[in-house]
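Next come two complexes, and both contain chain A; in the first it sits with chain B, in the second with chain C.
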Partner chain A sequence: MSKIFALAAVVIKELYRRKDFYVLFVLTALLTLAAGAVNFFHDDKIVRYVKDICLLLIWVSALVISVVTAARQIPAEREARTIFPLLAKPVSRWQVIVGKFLGCWLATGVALVVFYFFFAAVTGSKEQIWPWGAYLEAVWMQWAMLAIVIAMVLLGSIFFAAPSSTSTITLVVVGGILLLGTHLKVIALQQPEPMQFILTVVYFVMPHLEWYDLRDFVVYDMGIVPLRAVALATLYAAAWSGIFLLLAWFGFRRKNLTT
Partner chain B sequence: MSAILQTQKLRVEYRTRDLRQATKVALNGLDLEVRAGEVFGFLGPNGAGKTTTMNVLLGFVPPTSGTASLFGIDVRQPIARQRIGYLPELTYYYKFLTAEELLRFYAKIFGLARAETDKRIAELLKLVELESAAKRPIKSYSKGMQQRVGLAQSLINNPDLLILDEPTSGLDPLGRMKVREIIQRLKEQGKTVFFSSHELGEVETICDRVAIVHQGELKAVGTVAEISAGFDNLEKAFLKIVGFQPSPAP
Partner chain C sequence: MKISPLSTLVGLLALAFTLATGLALTTDNWSSRAKSDNLFGMLFGDGRKLFANHFFTMADVYFHSGYYPSIFDKNSGEEKEIISASHGKKESEEDEKNEDFLGQPKDWIDAFGRNFRITQHTHLENHNEREILPWLRLAADLDPQKIETYTVGAFFLREHLGRADQAEAFLREGLRNNPDSCEILFELGRVYHDGNHDAERARNVWLLGIKKFFLRPPDQQKEDKLIFEGLVVNLAHLEDEAGNYGAAINWLQAAQKVSPAPGALQKQIDELQKKLAALVPVTPGKLY
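So, the complex of A and B:
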């Protein structure tokens, strides 16, 4: 495991030395300012709107950071040829994949905590309530969802040399799942065959990222999700991440790195 | 002496995606044996198969057929690389890290203990004269300094076998002398050095044995004296072996 953690630590160092983290802080500050306008018109509903917008921005920002960071890991190693001195050491390609995944996931986790901390501090100071349980669940579920996304991006980055291609394709796929995932089964039922069959199959085989979106629970103070559901969702995320990482390793181990 | 680097009937073919193009044979039945404690020069003109051989030995490229082993372990096993150090021809390191961080990272990959890592880093930074720049990002280093970081990283695990890909390429005369000194010191310590080079004078000076490859095949192997027998020097022997025909004077 020490090799995997060493690889992950380099990913995290790269992220904050590339100043991505500073961009993150600027975004956080903007979010904080937006949230600071809560109760500006002494209207309780405005608090909800602002919370909704802030959480949407957090989702978009975290998604972009995780996708962009993960997409460049393997292609950048190949382009800068740093992969050669690395693989000349006693490290296997699956350890490289898992180390990269872990680094991206941990870095995204830190970013999420920073975002939610400011979100909680500002909205809490206005509303005088701090639903920590709901916040914690929201962070955890979003982080679990991002594990699937990062693993998916790493898989894509094995096959697409340009990080921009991987990022764009993944963002379109993830955006599509988040927007249509819940409705896909209903849409399928309204379609004639064979489209109905195809959409039903897609619904059952795609990773349901939309299940991890607990923004409404936070915005409308709906309490917390039963822990059993959170545990099952975590297992589901672990399974999908594992599948994507396995496929990424399979592709990477057969990859000719010298061409 | 036992062989610590060995290839047997090693063949590597590169297939192109273009079906009309024939498969390129980079190595064709290469049999090579490097014994413990020797400095072994690996020579050949460009495109002869030197880099491909190194790529196989380092696990970057799988052999199409035949075998390659380090310390008796198949090179496809990562553990085969536990006791080797590798210096690439050009500097390929994480430029956002400092030299110290890079060495610490590679030490962790080798599984070195903390105390051992600290000791090795201090020794190596002194050896390559980078102590004062150890905490600066590698991107701020000159080319020569980056080469020295490369040399330090190749020695972090105190390797028994050092694989060097044209180690003096791009170095100034002082840098070349330093590399030669280090190779000599490693030899005195009983380490094995396997290196490719185009600098035949250098090879003549420091190598116990040399191998010459051409068009993916081993053309000659032996001591410098054995290969140069009948010629003025190693260069003339090399040119004859690879079939070089001097163009007639105009």
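So, the complex of A and C:
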């Protein structure tokens, strides 16, 4: 276990040494503050649009950070040939996969906490309320979703040639699920066969990442989601992350690292 | 002949400067975008209308606190409720049922997923209606010719937020961009009548609205008869309040010609006729 944590610590250090997080955070902060500074009809109590914009930026930024960080882990080790001394430690291949996953996930969690503190500070200063319960649920659910995404990216990075292709494909897939996941069944029912069957199968076998998006609950002050549902969704995220990590390990186990 | 790179650079800069001074005036006329006095107009051209529609829809989404059909749901094409609310339409229980676009869960994934979606049909209230205003402001900036943006925005500012001054300013802006809009004049009259209690200005604005209505082509007049009805019925009520029962009856009779419910208007006419008959003409008696 200590080997896994040591690998994870390296990934976390890498995140705060690179500029990705800082650039995205500054961009999010600037855009949110600029949006918050606009005065509509001389009414300074309007706040929901600021929440909406800020949460959207946080979602995009967190997704980009997690995908880009995870996508380069294994290819970078291979390219720099540091994978050989690493595996000679001895660290087994499954420990590399789990360590890299844990590092990316924890690093993304740290980034999320920073983002949400900024969000709470900006919106709280405007409306003078801090619904911490809703914020905690939103952070937790987003973090759980990012676990699936990071595991998916690690799997992709074993099979795709370059980090850029892994990142692009994963972002397209995740974006597609987030936008269409809820509606895929309805779309399927409107299609002729065999498309109806194919889309229905996709609907049932894909990870439903759209469940983890609780932005509407925060923006519209709709309280909190039942904890039982959150717990089940967490279990679902753990299951999908496990599936992707296992598949990544299967792929990595047979991977020829010299080519 | 050898030319130094520095002289080439200077020569090219001189050429670019000369061409720029000559072409600047010509290129200004190539595109209407450059003439736009609006930043969004310059950036997006006519594409800004798409964004304006989206932002107008966002205002409706906010009004429903996120409970809103997507393009895949069965109720996606219905009239926006912020528009019907601004026309004074109250929602019935049947309307509420019709707006349940989610229906029964289709499967366990859908059922479980509803824990993480807003599934209650609510409307903004208690001055939270202000939250729709940024989207209406953006929609107006992107498409200044979209009249509903001004009328809906002014309605919520006046009726729900008690900001008649802001409503008037927004409508005045709309009127500058759409000088022939009787819809904006109708709403402006309501701001004067209901918000500022200025019957004289309301009357003038509504009369101007009727004038503008009759300047429209006959086909459009038929399509827009509801706005005409709104104008004349409001004028009738205004005259009724002022004690001008004869004028009020005339306006209601004009409304009857276009109204889908002339019977209800007839009742109002009958009541006004009673009021008119009750007025005993005062004849001066002999003083000496």
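Definition applied: the second predicted complex is superposed on the first by the 241 of 259 C-alpha atoms of A that agree within 3 Å, B and C clash if a C-alpha of one lies under 4 Å from a C-alpha of the other, contacts with A are read in each partner's own complex, and residues count from 1 in each chain.
By our rule, a residue touches a chain if its C-beta (ideal position, glycine included) is under 8 Å from a C-beta of that chain, and two chains touch if they have at least 3 such contacts.
As the structure is a prediction and not an experimental result, all values here were calculated from the model.
Once chain A of one complex is fitted onto chain A of the other, the partner contacts of A:Ile169 are absent, as it touches neither chain B nor chain C.
Applying the stated contact rule after C-alpha superposition, one finds that A:His183 touches chain C and leaves chain B untouched.
In the superposition on chain A, no contact is made by A:Leu106 with either chain B or chain C. Looking at the shared chain after the overlay, A:Glu14 reaches chain B, while chain C stays out of its contact range. When both complexes are overlaid on chain A, the residue A:Val202 reaches neither chain B nor chain C. Contact with chain B, but none with chain C, is seen for A:Asn256 once the two complexes are overlaid on the shared chain.
Looking at the shared chain after the overlay, A:Leu247 reaches neither chain B nor chain C.
The interface of chain A with chain B does not overlap its interface with chain C at any residue.
Here chain C touches chain A in the complex through residues 62, 65-66, 70, 72-73, 106-107, 109-110, 112-113, 115-118, 120, 130-131, 133-135, 137, 157, 161, 163, 166, 170, going by the rule given at the top. The touching residues of chain B, counted against chain A in their complex, run 14, 55, 58-61, 78-82, 84, 86, 88, 90, 92-97, 101, 105-106, 108-111, 137, 150, 153, 163. Chain A contributes residues 38, 40-43, 45-49, 141, 182-183, 185-187, 203-204, 208, 210-214, 216-217, 219-220, 222, 225-226, 229, 232-233 to its touches with chain C in the complex.
Contacts from chain A toward chain B in the complex involve residues 2-3, 5-7, 9-10, 13-14, 17-18, 80-92, 256-259.
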